[in-house]
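All chains are identified by letter, namely A, B, C and D, in their written order; residue positions are counted from 1 within each chain.
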Amino acid sequence: MISVHHYLLLSAILFSIGTLGVLTRRNAIVIFMCIEVMLNSVNLTFIALSKHVGNMDGQVFVFFVMTVAAAEAAVGLALMIAFFKNKESIDVDDFNMLKW
Amino acid sequence: MADNLLSLMTFFPLLGMLFVLFIPRDNDGLLKGFTLVVTLITFVISLPLAFDNVFATSGGMHYREFHEWINIGGFFQMNYNLGVDGISLWLVMLTTFIMPIAVLSTWKAVEKNSKGFMALLLLLETGMLGAFVSLDLFLFYIFWELMLIPMYFLIGIWGGKNRIYAAVKFFIYTAVGSLLMLVAIIFVYYYAVQSGALINGFGIQEFYKLNLPYHAQYWLFLAFGFSFAIKVPMFPLHTWLPDAHTEAPTAGSVILAAVLLKMGTYGYVRFAMPLFPDALPTFIPLLATLSVVGIIYGSLVAMMQEDVKKLVAYSSVAHLGFVMLGVFAMNMQGMAGGMIQMINHGVSTGALFLIVGFIYERRHTRMITEFGGLAHKMPVFATIFLIVTFSSIGLPGTNGFVGEFLALMGAFEGGLRWYAVVATTGVIFAAVYMLWMYQRVMMGTVTNPANESLKDLSAREVVVMLPLLVFVFWIGVYPNTFFDKMNPAMEQLLTQMGHKPAIVEVHHPAAIPAAHAVEHAPAAHGHN
Amino acid sequence: MYSNLWLIPFFPLVGSIINGLLGKKIKNEKVIGGLATLMMFCSFLVACQNFFRLMGDSVKTHQVVIGSWMSVGNLQIDWGFLLDPLSAVMIMIVTGVGTLIHLYSIGYMHGEVGFYRFFSYLNLFACAMLMLVLGNNALVMFIGWEGVGLCSYLLIGYYFEKKSAGDAAKKAFVVNRVGDFGFLCGLFTLFWALGSKGVWTVNFVEITENAHLLQTGGLLVTVVTLCFFLGACGKSAQIPLYTWLPDAMEGPTPVSALIHAATMVTAGVYMIGRMNILFAMAPTTMMTVAIVGAATAFFAATIGLAQNDIKRVLAYSTVSQLGYMFLAMGVGAFSAGIFHLMTHAFFKACLFLGSGSVIHGMHHAYHHAHLHDDPQDMRNMGGLRKKMPITFITFLVSTIAISGIPLFSGFFSKDEILWWSFGSNRGHWLLWIIGAVAAGMTAFYMFRLVFMTFFGEQKTDARAKDHIPESPLTITIPLMILGLLAVIGGYIGIPAILGGSNRFEHWLEPVFGEALEMHHIAAHGAHATEYALMGISVAIAIIGIFVAWTMYIKNPELPAKFTAKFAGAYRLIFNKWFIDELYDFLFVNPCKRIGTFLWRGFDVKVVDGVVNGVAWVTKGIGAGLRYTQSGYLHNYAVAMVVGVVVIVGYYVFG
Amino acid sequence: MGILLFYLTAFVAVIAAFFVTKCRNPVNSALCLVTNFLCLAVLYVMLEAPFMAAIQIMVYAGAIMVLIIFVIMLLNLGTSVKGNYVHGLAGGGVLAVLMLFLTNRFVANGQATGTGGEITSEVIKSVGHTELIGRAMFTDFLLPFEIASILLLVAIIGAVVLSKRKI
């Protein structure tokens, strides 16, 4: 039988891989996608636990996470476009104006 | 009307401020005129207090107002709790009295953005009055902080060259003190609740009855004392004062000297001392030493100043030293001397700042070396300046003497004998620095061509000074007007602090043998 | 009965206020001067009325209380006046001499720009002085005490455009303040000392009555009286606080006559007289007073020997004469001291006014010839007796009086002081010797003054020589009256030994009698001794006059030789023993240096340094920490992940 | 059968996720990400949440991925000039491994409690998953739902403002 632990472990692995990507890649869009991986791993946790507990709340939360992810995608990608217009690059090493 | 006189008085300027916000910013005359009217009305509202004889008969709080305000399930409660007694009465009166004068002094001095200036002045007045009449520690704290902000802007926006530095220094100094006080206030409340004493809000009269253990009082007094010592300011926490005074616009300096500094001394009398009477004796030697050092130090430093305004600022340090010394004497004379010296300092130093403002408006400099021989060009100004100078020196017959004399005498009788003796030398130094300054500014021949075309005081300026001069002589000749209403409150305060305030033995005139006839001739209808 | 006492200081006050506020509008000198003089005269009349009423009264002490001034706790101070023989004498002197000097000033100050200001100040001075002498408690006295100081400041600084005048005014006030410091300390101690015995009072009558509560010769009484004596020193220009008086001559001459000769400077003597009971209880203080008095009398006389400014000579003479009065107070000759105070008021006022008349004439002549020479320098005078006969005669009479020649007023008073200093049980023969030598010097320098001014060749610039007029009537009438008083003023106090009954001493008996009796202070000695001493002192005075005559009339070249021979001593004396420089070195400059140091060193560096230091530290920490905000996305991401790892680690292992 | 399916799907999901972080070309990353999303959708179905699986595919694999690929194409991104990885590659890896280790420990040590809610498999089967979601969303979570819609509106406006040159 597949227990809730399986799902949670899978979710943890996915989350860590996402983290790895965020920490190591330079391309902003790839980082963005890695964040999506992390969000999805969280969604998986929500749904697994929702099933386990027998309650709908977790799934509603997943719904909201998706909403946020969509909004984030819209704004984040727009930001990247705006940035690209200025710097001709979306390398995060060039994103260093917000300092001091 | 009488039921909420204090509220009316306190919040009337705030109401006025709201109206000021709706006056067009380029209508300078209307702005200033309206503000003047508002402050005058506030003064009129406060007048019944001065004429009320109840203060002469009973030392307690009068004109009480009490409303519950914030109540978080019995865990935290603060009230809108106002009242006035003989101690705060004259400070309230001083505030309402000095405000119209301050407004009048801005007539020519403040040109840019007078709308903001007026609004802040009115806000400041509400803050000051509120602080004097609140009986709830938390409410007091709110008003205390409310005063700070407008003053910060008054210095920071309308000040002199170095205004930002001065404003920030003023703000940080005061804020550090206030935060310590806030912690102490919360601790007192917390302690009261913990110990199960029935506490209905932060009312100080209930806090008076608390019996805090000595070590708690020790630290709390330290926190309160530090906060008020900054505001007074006592040596060595005084360095914000010269900067703030020098940079502030005239009206700001006047209010700062006349009222804001009194917050510190008032704080000692109303809060720090009666709330923690057991810790007080431990600190008196230290505080008295600092007061005396302040007197001598302020005088010596004032002597060498090159900027008239800075000189007056340092003289404030010395004057406030007398106030504190008198207050710490813990007897009637000292307390009365300290209290009346607070008023005096407001009147005399306020007047001196106005005077400095007058010449600054004309010459746009305050350096002593720029002047000399002004008495030729401005005889009326010279006379007024001379009177105020001597009032500041403490010539008998003017207000300064009554305060200094009583404070010193009180200190001498109250066990601070050597402090008093050393402080008395301040009387000499006061003459030195004031007269030297007067000589260099007013006497001699006009050497600087820029001074040739100076105009004497205008009618408005004379009107500004006249009320102050009246009080210079009134307090000097008949201070009983003020003492009569202060005495009961001071007696009560001293009893509360566990000191015997009243006369132990009165030497009755009846003890004079019949061989010496004593005749009483009332001056009003003396017969020749 | 005496309830109109308050009118005495009130009249001049009214005059002062009217002239001060409206004088500029009135402009007419006759109205202004007339009003001021009239006010003084009214006050004089009231003083006379009260004086004579007191003469006929059996009760000699009367208090009049107008109202309460301060009442705080156990301190109750009234606006109250006290009339007793002592204050009665003083009000007579102050109003009498004051009226004459006001009258004189109308002529002397003619044409001055600040005419109204002058009379306003002068009237205010009279008011303050009368408050001083009439006050029934130490505080009202102190009002007058400081009030006269204020007026002295204003009047010395009358020619405020002159820097020297401003300096002198400030110096006078500040030195007086040093004395006031003593006065206040004495008052505090006294109030406390009596208070601890259950009598909280500053009232003179009550102090006198309760003085016995204090221990005679005890520390307290000594401290109290020494403090008060310091106050008296300041006001009456005694060592070490005398330096302001010679400088005070910067004021107009009538001011010097009224304030710095006749009235204000004697306030210290009056104050000791007022507190005689306390001083009598403190022999140590009495001794100090006597020594300081004698030393001042001698010391000031030496300086007077070498001055060339006519007013400065008189100023040092005043200091010296005040020394005599203190000597008298110190040896217990209270009434003799007051007696000398009175006669000195007459002849010294006359001398000052006379010198003023001379200066007026000289000034007039120089003005006429458009010269800017110093009209006060005696080396430019000489032979003026023919030009100014009235001035000369009155001046001479007063000079004789001050020199202590028999039959003139100064003789009686000075001789009594000398006799007491020798014969009193609080005196000492050394004091007598100092006093007698000083008397000889007085005679010398006073006659030197007369000879240089009125006799010999006229040394005035030729262009101005013939334009020196006799002064107008407003000036000469007061001179004549005062000259007359300088002659006859002494006859009310002829000592018993010369066949008189010393009515003056009897008059003051109610004030001083008790103290003298209680502490057994009296002058004892054989009549022969007294006669002998009298003879010696007269002889010394005559020798002084003779020497002056030899040096300045017979052999005018002598002084030059003399100064050449004793150049060192002469320089020392001429420069006033360098006392001013010494004070500058000891007090003034250190104070300035300390002030500068405290300001620039302590305030700016230390206190502000700490404050700014705290600000710098905060700023530095912030400056360091801001580098963590690199702006690189990865740094933030790493920080977040590290945070997560730490938190999760805490839950897993914690 | 269920277990096998789970392991298979999980394996593919992990591999796909790994290649999201690994691929040099962003387009390849994006395709891997779609694979990952689809795997998760399968897992959702296995967890008796068919509605969530549906919107997972529609919103994520559909809308968001289209957006991402659209942007990649728009910006014409090839391989980065400076290289794919930041300097602290090893540090990032260590952190990620540490995190994996810790979360695994956390999950393994933990005990899943709180079972026995009212939404059992039977309820889902009888009522229907979509309806259950709908009930929860429009009753208890009505306000957050509305706020979410506002959030989306704001995001749309924001995106338009940001990417337009002149408004």
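Throughout what follows, a contact is a pair of C-beta atoms (placed from the backbone, for glycine too) under 8 Å apart; a residue touches a chain by one contact, two chains touch by 3 or more.
It should be emphasised that the depicted structure is a prediction, and the values quoted were computed from it without experimental measurement.
Overall, the chain located most centrally, as judged by its C-alpha mean against the mean of all protein C-alpha atoms, is B.
Remark: among chain pairs A-D and A-C, A-D carries the greater number of C-beta contacts.
Centres computed as Cα averages put chain B at a distance of 68 Å from chain D. Look at where the CA atoms of chain A average out and do the same for chain D: the two points lie 7 Å apart.
Chain C has its Cα centroid 95 Å from the Cα centroid of chain A. Averaging C-alpha coordinates per chain places the centre of chain C 101 Å away from that of chain D.
Residue positions of chain D touching 2 or more other chains, listed in rising order: 86, 88, 91-92, 95-96, 99, 103, 106. The multi-chain contact residues of chain C, meaning those touching 2 or more other chains, are 634, 638, 641.
Pairs of chains in mutual contact: A-C, A-D, B-C, C-D.
Chain B meets chain C in the complex at residues 169, 172-173, 236, 238-240, 242, 297, 300-305, 331-333, 336-337, 373, 375-376, 379, 390, 395-397, 401-402, 405-406, 408-409, 412-413, 417, 420-421, 424-425, 427-428, 431-432, 435-436, 439, 442-445, 477-480, 483, 487, 501-507, 511-513, 515-523, 526-528. Residue ranges of chain C in contact with chain A, taken from their complex: 626-627, 629-634, 637-638, 641.
Within the complex, the chain C residues that touch chain D are 634, 638, 641-642, 644-645, 648-649, 651-652. Residues of chain D that touch chain C in their complex: 86, 88, 91-92, 95-96, 98-99, 102-103, 105-106, 109.
Looking at the complex, you find that chain A touches chain D at residues 1-10, 12-21, 23-27, 29-30, 32-34, 36-37, 40, 43-44, 47-57, 59-60, 62-64, 66-75, 77-82, 84-85, 90-93.
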